[in-house]
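Here chain A shows up in two complexes: once beside chain B, once beside chain C.
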Partner chain A sequence: MESLLITQAINAVYEILILAVLVLGLAVVMGLLNVLNIAHGEFVMLGAYCAYLVQKAGFPYLAAVPAAAIACGAIGLVVERFLIRPLRYDPFETLLATWGLGLLLRKLVEFGFGRGFRSVDIPVSGSISVFGEAYPIYRIVLMVISAAVLVLLFVWYARAPTGARIRAMVGNPVLAEAVGIKTRQLARNTFAAGTAWAGVAGVMIAPLTPVEPFMGLTLIVNSFFAVVVGGMGTVTGLFAGAGIIGGLQSVLSAAVSPNTAYLAMLLLSILFLWQRPRGLFPRS
Partner chain B sequence: MASFLVRNGLILAGLVLVPVFVGEFWAYQLGLYFLYALAAMGVGLIWGQAGILPLGQGMFVALAAYLAAYGLLGLGPSPLAYLIIPAACLAVALLGFVFAVTIFRGRLEQGPSFSLITLALTLAAFQIATTWSSVTGGFNGLRNIPGLPGLDGFLDLYYLIAVVLALAIATVDYLVRAPIGALWRAVADNERRLAFFGYDVAALKAVAFGVACGLAGLAGALYAPQQNLVTPDIAGFAFSGDLVIFAAAGGRAAVLGPVVGAIVVGVLSAELRGRFPWWEIAIALFFIVVVLRLPGGLMTLFAPLKRLRLARSPVPRPSQAPDKPRIATPLTVAFEEVCVRMGDVTILDGLSMQTGDEAVLCVIGPNGAGKTSALNVMTGALPKRGGRIVIDGVDVLRPQPAAVARSGVGRKFQTPSVFQKLTIDENLAIALWAGRWRGIDLLLPSLFGWTTPLLDEMRRRFEFMRSGAKPASDLSHGERQILELSMALLTEPRLLLLDEPCAGLSHEETAAVIDAIRWARHYLINLRIIIIEHDMELVRRLADRVVVLHQGRFLADGSVEEVQGNPDVRAVYVGGTR
Partner chain C sequence: MLTSIKTSRRDLLRAAGVGALAIGAPAIIRPAAAADTLKIGVLVADSGPAALFGPAQRAAAELGAATVNAKGGILGRQVEIVFADAGVPPAEVAKSAVKLMLSDKVEMIFGSHDSAVRQGVENVVKSKIPYVYTPVFEGDDCSPNVYFLGEVPEQELQKTLPKLLEFTKDKTFYLVGDDYVWARTTNEKAKKYIAQIGGSVVAEDYYPFGAPNRFESTVTRIKSMKPAIVLQTLVGGDNVNFNRTFADFNLSDDIVRLSCLLEENTLMGIGKDASKNLYSSLGYFADIDAPQNKAFIGELNKKYGDKAPQQCTISKGLYDAFVFSAAVTAKSQSLAAKEFAAAAEGISFDTPSGPMTMKNRHTIKNIFLSRCDGTKFTVVDTFTAVPTQQACT
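After this line comes the complex of A and B, so read on.
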């Protein structure tokens, strides 16, 4: 019983960290730029297909990371230039446009690869004993990488000059521009960084999930509502959102059923969108 | 009226004649897309008119379809089965209204939140429809649903659906041209302004959403007998998305846009999806182009048809608007130790002041003194953190814009706030209707003909208001200031709040505005005015009493001369120690 609890606890931590990684790119784009990128899941899907292609071509799995980052980042740049910027980063208009973009990316991938599931082999197989329970090594590796990336990124955002510039742009775009920050390029790069990171997240989860054109839809739901619950544009919000949605999903799935977990997550999101649309820890 | 009947008669005749041209089989197929058109028309109404994007209309279609399926299975060949269609439609419309009013109540400008709530709901509905097998039949759905009694063959049901669609088109056509349609477009344009005229914005939005759900319900109720099968698919995210795409592709602002979108995109997709794998890529690209460049959608292609003048609204006959109930006493306001804070910043720091016997009270003070904030907290635009605000003898705990407006407070904002996308006449009409409409008035096109002596006077004074068909966005800054002032006056308030009414006006315009304000204070017997102003020349010409604020507190009051001679006031304005 006790060991089962430990496994459950590790699973919950795993779900939360993976969700945080999936949410990260969306949180950047949604929280800092106010773009409701509903096609975020499709960028994760593209990253997963990059992993599939890299593995199929016989390259080492790690090569998929730069490949996905470059591919998704490049698409992000194009999307920013021809979709987001012409709509002046308006939340409502970009929600619609990225809805269409998601549809387009799904259909393009379906056109190229077909609708069937592709499986990606786990790059690090085997399992190790955690408190006497066997646990897959790849999941442990993912947890460590995720935690490290999240911590590094937040230190960077808080300390590095680019982080300060982004905060300045978010706080007051006109003033930021007046003091010499190139807000247009900064916004463009921030958007592309968000989509590139979505691609990397896709590489990370590809071995653990069926890779198919519609996988982004299921991912976007959790991610979107994690951002909504946590609050946009803050580090605490990202952790709170991922923690609550990921934790709730993990615990309720194990204790009751995945169906209940999913419905509870939707209900919680509706309550937040209604009563506290800015989430738990919004940017002031 | 004549053009309305001709227009909708032609649509009905066209729909009924379709089978003659395309044959029975295609007519039957088209029937399904007509049902999609009904639901998409609801999306067009709530999104294209009221500016609220619904991402989960499929849920309401599905709900009505399941209800109708049970009704048809239960009633079988009894003629009572026909009652199921209006019943399911009404039930879903009512549910949509109650849901929307709950979400909208007490909140303005929710932005994309509402859209995301509808998205979450439809995801939940799909999940429930799929897993609750004992009721919904699970993934396979409810099957072998009988058709409507007495309707044999493909064509009978087609005619029913065609007539229902034509009636629905006529209803929506009527609604968007009625006063309530103008109010929906005003919601999309500037919710806040509408609330400050005293309109119940939540109710207006909820009515639009209820009508949209009713259309979805009609579609769902007819879907069950048309397909003889109801599966969770129509509750799904993808179908709700399709409805949005139909409305956008056809043109969400036009009545017929979503219908054209559903039929053209729907039929072409069904035909071409199999043959050309890239077809759906093309649809996605077209949707993106519509969002970026072509908000009118496919209806843009039909723009030349406007020359036929079938879409013309009749010019309403002028009639005298009903009088507002008169209250003999002027409206008083008292601030008692009012505090307002935003984060760490103290905006009002125990402000106390009240209106007195004077007709015009001018509030002055340096930037950041809290002048505009005082009006904001009083009208519910800023939350109060302490103290009391007594309006007309009542201690208002949490002022709400619409409630304050209904008690007789009119407001003109510092930056002109009018309905940019509406015409000058519509702007004036919306202000005029406020507090005067009763019962079903908002459904009567004759309201556009309402006028009052005050409106005639404003049109006489300001020439630009006579070309009423121009959109307000074409007006200059000064004209917009004057339009908003006129709108505020049209509500015949007992207390008028003017925030720098002459900012950015030319010399002549300023003179004309001062003259109009002086005229209004004599014409409207009980009118009291609070003006925030920096321009001392203007203060001198209008003020009966002056109140000076400084750093969120009351500093001094009195006549213009008294205030100018006050050493405290001098210290604040000229600098120096105090």
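After this line comes the complex of A and C, so read on.
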């Protein structure tokens, strides 16, 4: 019984961290630029296909990380220049535009690879003992990387000059421009960083799920819920959203049933959209 | 905007009225112009979650039509396929079925899609023309003038479960499935067979269908309960996800898995590292070593070359539908409901998976128990002429 509890507890932490990694790019773009990138899941999907191609070509799995970041970042730059910027970062227009972009990316990948499932081999297989319980080593590696990335981001955003410039741009774009911050460049880079990170997240989760053109659609559902609950534009909101949605899902699924967990998550999201649409920790 | 909707609705009603008259009218006053070719509506997954089967379904159906046509067609008429998308919501597919009947004037409908869509189509076809439903499904449907070629749970389990015990340490079962009618019904029927062989069910988990599911919690429970067999009624991406998670948690050495819907495409997703001690029970595998199957796959390879879409039980059933209809009409000399039903009862026909015999509008057929070796299936046992236990009249 005790061993069951320990493993289920690790499962909950794992779920929260994976969700945080998936939400990250979405939350950055949404929170800082007010652009809800509906195609976020498709960038995760593209990252997963990068992982598939890199593995198939016989390169070490780590090579997929820069490959996906560059590919998805580059597409992000193009999308920013020809889709997001012409629409003046308008929340509603970009929402529609990125929805269409998602369709296009899915169809392009379907055209290139077909609808069939691809499988990416686990790069590090085997188990490791955690508190006396054997746990798949790749998941532990993912948890460590995710936690490290989130902490680094937190520190960087609070300390680094670029973080300060982004905060200035978000707080008062006109004044930021006036003091010499190149807001246009900054916004472009922020958007591309979001899509690049989505690609890296795709590399991370590719060995765990079926890789197919439509994978982004289901993967991204929980991320939207996490953003709704946590609130947009703050790192605290990101942690809170991923923690509540991922934790709730994992704990209820283990303690009651997967159906109850899903229902509870939907109800919670509806409740938030209705009563507290800006989430728990919105940008003030 | 509003007027155009009104007009179209009125037009649709008018068309529906005229069409209903035409279909309801005796064959003798129907226009004879359509008699040159016999049109068959074929419902395939061009979109939606099952769209990965779409190309294979189209290929199987086209080969079925070509095969039947080469032998003189159906009722002496060449067969022509009219495809429609079955991957959209049931109400939309039902509309397509109405259009197939009224404007395309199809005289039969074949379909490979889920049960919700089938019920939608049954509601509009209203047994006016023969409707042949081909994929794996849960059984217990006796709608008139509908013929079922797919595997029912009774066929997948009755012979397979006792055989599977040869590979397991005991008779404890853990059931995991997607939360919808096929999985629930299959598991209810499975419990009956598990009781018959003296086994027990230790737990049962259902996951919301189409939701972003993760399976760590179930796999962790399985790890602590140590059942001998995990019986799965998960489909598509959930099937892949569960089995990969299961193998990651290092359970595949000790626990045998049997999936009730694991075909070639899904196994590709599960991958070679996660398929140890995983079994599948179905009425067809693309690699089965039978001359009929060699001919079937050979024809497809000849036509499509290395672009031939991967066949599986879901797609191959549409080929069977053509063979079945040709056999029945050769005997009935008519597509009228009564004659067709009388001729269908007891008819035998040969398919890529071996001979099938229709009884009570379901098909007695071979069932294969396969073990996954990497991303290929190896047949470990073939059960011939497995009865369906269905009682439609």
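Going forward, the second predicted complex is superposed on the first by the 284 of 284 C-alpha atoms of A that agree within 3 Å, B and C clash if a C-alpha of one lies under 4 Å from a C-alpha of the other, contacts with A are read in each partner's own complex, and residues count from 1 in each chain.
Note that a contact is a pair of C-beta atoms (placed from the backbone, for glycine too) under 8 Å apart; a residue touches a chain by one contact, two chains touch by 3 or more.
Worth saying up front: this structure is predicted, and the values here are computed from it rather than measured.
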item	value
Side-by-side fit of chain B and chain C on chain A, or clash	clash
First (chain B), second (chain C), both or neither touched by A:Q55	neither
Chain B versus chain C as contact partner of A:V221, first or second or both or neither	both
Partner chain in contact with A:Q8 - chain B first, chain C second, else both or neither	second
Partner chain(s) touched by A:N259 [first = chain B, second = chain C, both, neither]	both
Comparing the two partners chain B and chain C, which touches a greater set of residues in chain A	C
Partner chain(s) touched by A:K107 [first = chain B, second = chain C, both, neither]	first
Which of chain B and chain C A:S250 touches, first, second, both or neither	second
Touched partner set for A:P91, first chain B, second chain C, both or neither	first
Contacts of A:N37 with chain B and chain C, given as first, second, both or neither	neither
Location of chain B clashes with chain C - one stretch out of 145-153, 199-207, 379-387 or 451-459	145-153
On chain A, positions contacted by chain B and by chain C	221, 259, 262-263
Touching residues (chain side chain A, partner chain C) in the complex	1, 3-4, 7-8, 11, 14-15, 114-122, 125-127, 134-136, 138-139, 207-212, 214-215, 218-219, 221-222, 249-250, 253-254, 257-259, 262-263
Contact footprint of chain B on chain A as seen in their complex	36, 83, 86-87, 91-93, 95-97, 99-101, 103-104, 107-108, 111, 217, 221, 224-225, 228, 259, 262-263, 266-267, 269-270, 273-274, 277, 284
Chain C to chain A touching residues, read off their complex	49, 51-52, 54-55, 179, 205-208, 210-214, 216-218, 220-221, 223-224, 236-237, 240-241, 244-245, 248-250, 265-266, 268-274, 310, 375
For the chain B and chain A complex, residues of the former touching the latter	53, 103, 110-117, 120-121, 123-124, 127-128, 131, 237, 241, 244, 248, 277-278, 280-281, 283-285, 287-288, 291-292, 343
